[in-house]
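When the chains are written out, they are named A, B, C and D in that same order, and each has its own residue count from 1.
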Amino acid sequence: MTDHQAALRDIAAKLLGGGQVATFIGFRAGLDPSRPVPHFVRDASGAGALVINPFCGAGLARHVLEALEDGPVGILVRGCDGLGLERLIADGRVTRERLHLVAVACRGAVDPARARAILGRIPERAEVDAQSVALIAGEERRSVPRDSCLLGRCLSCVDPSPRLADTWLGEPLPSGQRDFEAVTRMERQPAEARYAFWSRQFQRCIRCYACRNVCPACSCRSCSLDDPELQERATGLADQFGFHFTRAYHVAGRCVACGECQRACPMKVPLSLLNEKFLKDIRDLFGVADPHRPSATEPLACYRPDDLESCRGEAR
Amino acid sequence: MRLLPSERLAEFRECLAAGGRLYGPVEVDGIVRFEELGGRLPAIEPGNPANSLKSFLHPQTEVVFDFEGGYTDVALRVPGPPAAQAIFGVRPCDAVALERVSRVLLAEPFADESYRQRREMTAILTVACREAGPHCFCRSVGVSPADGRGSDVVLYPADDHYLLEAVTARGLSVLLSAGALLDPAGDEAARAACQSTPVPPVRGLEREDLPARLEAAPYHPHWEELARRCLGCGACTFLCPTCYCFAMFDTVRGTRGRRSRGWDSCQFKDYAMMAGGHDPLPTRASRIRRRFLHKLSRFPAVQGESACVGCGRCAAACPVGLHLAGVLSELEEVLR
Amino acid sequence: MTAQPRLVGFACRWCSYAGADLAGTSRLEYPASVHLIRVPCSGRVDPAFVIRAFQRGADGVLVAGCHPGDCHYASGNLFARRRFALVKRFLEYLGLEPERFRLEWISAAEGRRFAEVIREMTADLERLGPNRKLREDP
Amino acid sequence: MPRIGAFICHCGLNIAATVDVERVAARARAIPGVVHAETYKYFCSQPGQEKIAEAIRSSRLDGVVVAACSPSMHEATFREAAALAGLNPYLVQIANIREQCSWVHSDRETATVKAAALVAAMVAKVRRDQPLEPIRLPVNPRALVIGGGVAGMQAAWDIAEAGHAVVVVEREPNLGGRMAQLSETFPTLDCASCILTPRTAEVARHPRIELLTWSEVREVSGYVGNFSVKIARRPAFVDWDRCIGCMLCQDKCPAPAPIAFEHGMGMGKAIGVSFPQAVPNRPVIRREYCRRFQGRKCQVCAKVCPVGAVDFEQAESCREEKVGAIVVATGFDVMPAAHFGEYGYGEYPDVIDSLAFERLNSSSGPTGGVIRRPSDGRIPREVVFIQCAGSRDPDRGKPYCSKICCMYTAKHAFLYRQKVPDGQAYVFYMDIRAGGKGYEEFVQRTVEQAGAMYLRGRVARVYPEDGRLLVEGVDTLAGTKVEVAADLVVLATAVLPREGARDLARTLKIAADEHGFYSEAHPKLRPVETMTRGIFLAGAAQAPRDIAETVAQASAAAAKALGLLTRGELAADPLVAEVDEARCSGCLVCRHVCPYQAIEPRELAARKVASVNPGLCQGCGACAAICRSGAMGLHGFSDKQVLAEVGAICL
């Protein structure tokens, strides 16, 4: 991935220089090398600040909303960003014509906190492949399993490459199938254990709305979660259940499974486990093969006359 | 000065628990938070738990009063005084933050009664730092890893024991109640070790002219740049130990109801919205600028010290890396 | 008076609400546990309504609409069918007992069936006891 | 502070016997915002309505809750009463404490508590109601009648006579429907075609009636007063404008064709009309029987046609009609043979249904009115009529009574005896239902004059023996087994809605019951209206009924349609969806779920928002439910209202 950096800068500079885009969205170095931050380049001379490496963990799709106010947007797009943009396009929030997508295949982003814990110091570089991750600091190079240090959202990723692209950096990688293993495990728990689990998770929630604000499916101009009559401001357990139900339900059939909500949650509420439950049921009940990939009609905005009859029947 | 052998930590905990509810950092579901300790020992790791002390002194949501009645006759019921509590395993920066918040919330003649009562009923047992956490920068804002301000007791860790120092009278009585567990001895080395714990500095934060530099460039385009990146969530403010903004709200159930107050965030849209429809902070950029100016210029101007204690929570929490230390080092570049 | 479960029902005005009316005109007795809220169509029912009912102390929630194919608005119940198939499973995933939420098709002619559904659901809820999950403190 | 009035009705003892209405009123008074609560014997009565009006004025109420019977009974009554007293009628809500409380609960305490909760819910709801004004819609003065049977013709005739243009769509090539197939009508024994033919001719030549036969309704859009209907005309392969109706083609056509009109009793031709008096008197080619269309060389019809009207290339044509009202009169079918294995229907040619018997009886029928049995043309000496073949039979899914069978069976038995004086008719029946003017007398005549033997009981099976049919049954009155050897067995098969009735219901967006009969808006008070405004029902499409009832209902439907068409403009319920444009993100997911295409995007200051056409919107609320941001509201059933109701119920 890192080897595409020069090409990326080049493309961004050309797009900006040629006036095709007013903003180019990518990453730039953060306070330390393991924490790049989303970056908005406004003129060709600034393209040199763009970086691309396995520490680029944040999703970029949501950022186009604000940036588009200044004109067409160029954006670095990985699989998750692509799905997020597809969502925004399907929701009518963004028009495809105003975007220039610079696509790159992504094998996963490193969680800087976990990497640091493994190395005992801030990693300077990382190399991610299909089997493992190499963390590098100074002379030290440690090869560790992917699940020990990648972001949770990347471990369950089946879309390394975006489906939409205007320019490619390198080659796309094949996509896979979600297995919903974690959901299945949760479903197998007894009801009381599930309730205890979710109570514990939701109790931690501080209602900072990071989950909503990073979500490419949560782009409403006005969110019902901000309406005190629809979502009271209280934070008792019942309110928290209501809040998390509503958040998850409002993205049911629309969630692109990018996992940004869970990454953004400062309290580590396993929000993806909620989203994925809806995705799994949409797959199983409505026969939508890849429910996280946006389609012309949302599964809850259509029906088949022969849809499953009544939802009484079997549990789950 | 007393010494607590490490193996007596559990007994010490029991002794604290006897005085009221006891909270401390524990790891649950892969996250370290202040929670009720129960039978667990505080998880003392470099850096801070995810949530801050304010959860216990200025809770996320608290009852102001319950009411009952109709439009004309309303009976109010104010909750009783808070119970005694102790928080064990606090880091010095968090305790200092309490002290900073208290300057606002306890300022007469408008002292916040609920906060005052809680503050009085809370014992803060701080564990000084021998190692900085991944996001720590306390020294850059004038806080030391061995800082005792805001604490009742400070524990200085050594290899097999803790040096305990009572900072306040409440702290002293805690030590007296645990007297049987403690060895009446000193260990200056333990304190000195913490005092010299290295903490990486944040560029620009230590500059004397920081407030002036910030105030001089209120419309600098970099605020807009930050606004593009910021997603407008409230993670930074809700986790910040010195953010104390709240909003009042009512929950009504028929003829009964409750007035509560809960955390509010200056990063939320409509935070400053006024009844007439005017919003002095209408844009994300204006809200971000307000936050940094408040922490680093306005609050110090009034209170004499920074409203940032360098705990690093905003850095840990921000989904887009837009936190105080990072922003300051960016500003250092662009304001040059 | 023995405390009986609290059952909140959302009934489409054309079929299920009329079915409940028919149970009335037919004098079919059923438990007073149920309180119906009249909505134009089962497709109008936002899951937020269901959650709110549980939060405020409902022991069970029923969403009732026209039989598929008979919707006064042609398709409302078919959207409701999909929506609540998901919602029901999701509530169970959060730990709620399956019996506490039901989606039923009750036509304007099915007064008897309405009474039967209420009796059945009330019996289930009595067996489960009061709901505490998702419920705010009284 | 709101000023709500609560009015708790005793409904005589209907409510007061079970619910302590005074306590309900006291509980209502305790609700913040309720400034007036009273009880009365009958609030729906004139003095009751005056009490509400008086309270509205004297207590300056801005919301009214009437706790009484179901809103389907008196919501309109109380809204009108409020309007007369100066309160916006949409600030009135009904708490249903009769049908859904006092009538279904017996314990006074629980019923009272529940009634109070239902009142509280409506108080919570009415507080969040907004004053609304009815939506004004223009009305197209034309009408569409679907079905050209006796019901459709009557409705069309009445509407046209009142001065309005009518389009009649008929699926068959000609008018007449089922009645045209009948021989005589009960109980007067009038010749069916003698009374129908003049009516058919009148309709056909009426200057304001346009006939579209051999045609079907494909699509209906729009709303009351403003329907737009797409009508497809199947190819007749004959240019009807050129055709002079000489029927040479039919005479010369070499291809026999079983035509539906003869109901299996006789054959027609691949080209031709269904019966001689058919109106319009124009032939169609039934391509499944036409030799040319089956790939052979035949062109006889084209050759003999004196005006060259045959056109093998004719294609389906489509037209769009704009109308203000629609009368649905699609009639009935009878249960097909497949359902009656035990009677050997469909297996033995001499087991026929009543409609076939009508054809055998008809002087214009295949036998010229002589009753001959299908197998060998013999005149049957013994005929068994089996009533309730499929009707009142939950096992066959038809628990209802088909209503007309008792009478036409009596008619058949009577006519049979007239034509075969030495014949014997047996009638197996469950009950004789002869409610109608002269009906019971007619049945008695059949028994007494025609000597028909009525046997109460079910037939177990019918099987052939020695060229006859043995009918085994039970006489439940005598308690004996009965066996009758018959030459002909006639089944009074159950009346069903016309094939395709359900599809048409979907096209029209009207409701149908579990059997496919169209649902009326109210069984007692709105029997010819559907739930969809502007669409009315006539005849057996709604439920089995006889000719007199059908005609009466058709006139009623016409009157209802005229009530609409003569208005020029009409007021629609404003309980429709409305977009809060400030909140709308323009995702337009609402468009996908709107069954009425009532939502369109609208440009608003460089962004897109949803916009509801209140004329098209029927207020189903699908859009409001799927809107995540809460931007889509539904008047009368807003999120906040429903949530407030939930909150009040759960107190």
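Heads up, the rule we're going with is that a residue touches a chain if its C-beta (ideal position, glycine included) is under 8 Å from a C-beta of that chain, and two chains touch if they have at least 3 such contacts.
Values in this document were obtained by computation on a predicted structure and should not be read as measured data.
Undergrad: Would you identify the chain whose C-alpha centroid lies closest to the centroid of all protein C-alpha atoms displayed?
TA: C
Undergrad: Of all chains present, which has the mean Cα position farthest from that of chain B?
TA: Chain D.
Undergrad: Which two chains have the most contacts between them?
TA: C-D
Undergrad: Roughly how far is chain B from chain C, going centre to centre by Cα mean, in whole Å?
TA: So the centroids are 46 Å from each other.
Undergrad: Roughly how many whole angstrom separate the Cα centroids of chain B and chain D?
TA: Result: the chain centres lie 71 Å from each other.
Undergrad: What is the distance in Å between the mean C-alpha positions of chain C and chain D?
TA: Taking the mean C-alpha position of each chain, the two centres sit 29 Å apart.
Undergrad: With centres defined as the mean C-alpha position, give me the chain A-chain B separation in Å.
TA: So the centre of chain A lies 30 Å away from the centre of chain B.
Undergrad: Please set out, as single numbers or ranges, the residues of chain C touching at least two other chains.
TA: 48, 52, 56, 69, 75, 79, 83
Undergrad: When you check chain A against every other chain, which residues touch at least two of them?
TA: 224, 230, 234, 236, 300-301
Undergrad: So which bits of chain D are touching at least two other chains?
TA: In chain D, residues 593, 626, 639, 643, 647, 651 touch at least two other chains, as defined above.
Undergrad: Name the shape of the chain contact graph, picking from line, ring, star, complete and other.
TA: Graph shape here is other: it fits none of the named patterns.
Undergrad: Can you name every pair of chains that touch?
TA: Touching chain pairs, listed by label, are A-B, A-C, A-D, B-D, C-D.
Undergrad: Could you list, by residue number, the parts of chain B that touch chain D in their complex?
TA: 69-71, 253-255
Undergrad: Inside the complex, what are the residues of chain A that reach chain D?
TA: 91-93, 219-224, 227, 229-230, 250, 297-298, 300-302
Undergrad: Would you mind writing out the residues of chain D in touch with chain B in their complex?
TA: Within the complex, chain D contacts chain B at residues 1, 30-33, 120, 647-648, 651.
Undergrad: Quick check on the complex: what are the chain D residues that touch chain C?
TA: Of all residues in chain D, those touching chain C are 70-72, 96, 98-101, 103-107, 109-111, 113-114, 117-118, 121, 502, 506, 509, 511-514, 519, 531-532, 575, 593, 595, 618-622, 624-626, 634, 637, 639, 642-643, 645-647, 649-651.
Undergrad: Within the complex, which stretch of chain C touches chain D?
TA: Those in contact with chain D are residues 1, 4, 6, 8, 10, 13-14, 17-18, 20-21, 23-25, 27-32, 35-41, 43-46, 48-49, 52-53, 56-58, 66-67, 69-76, 79, 83, 107-109, 115.
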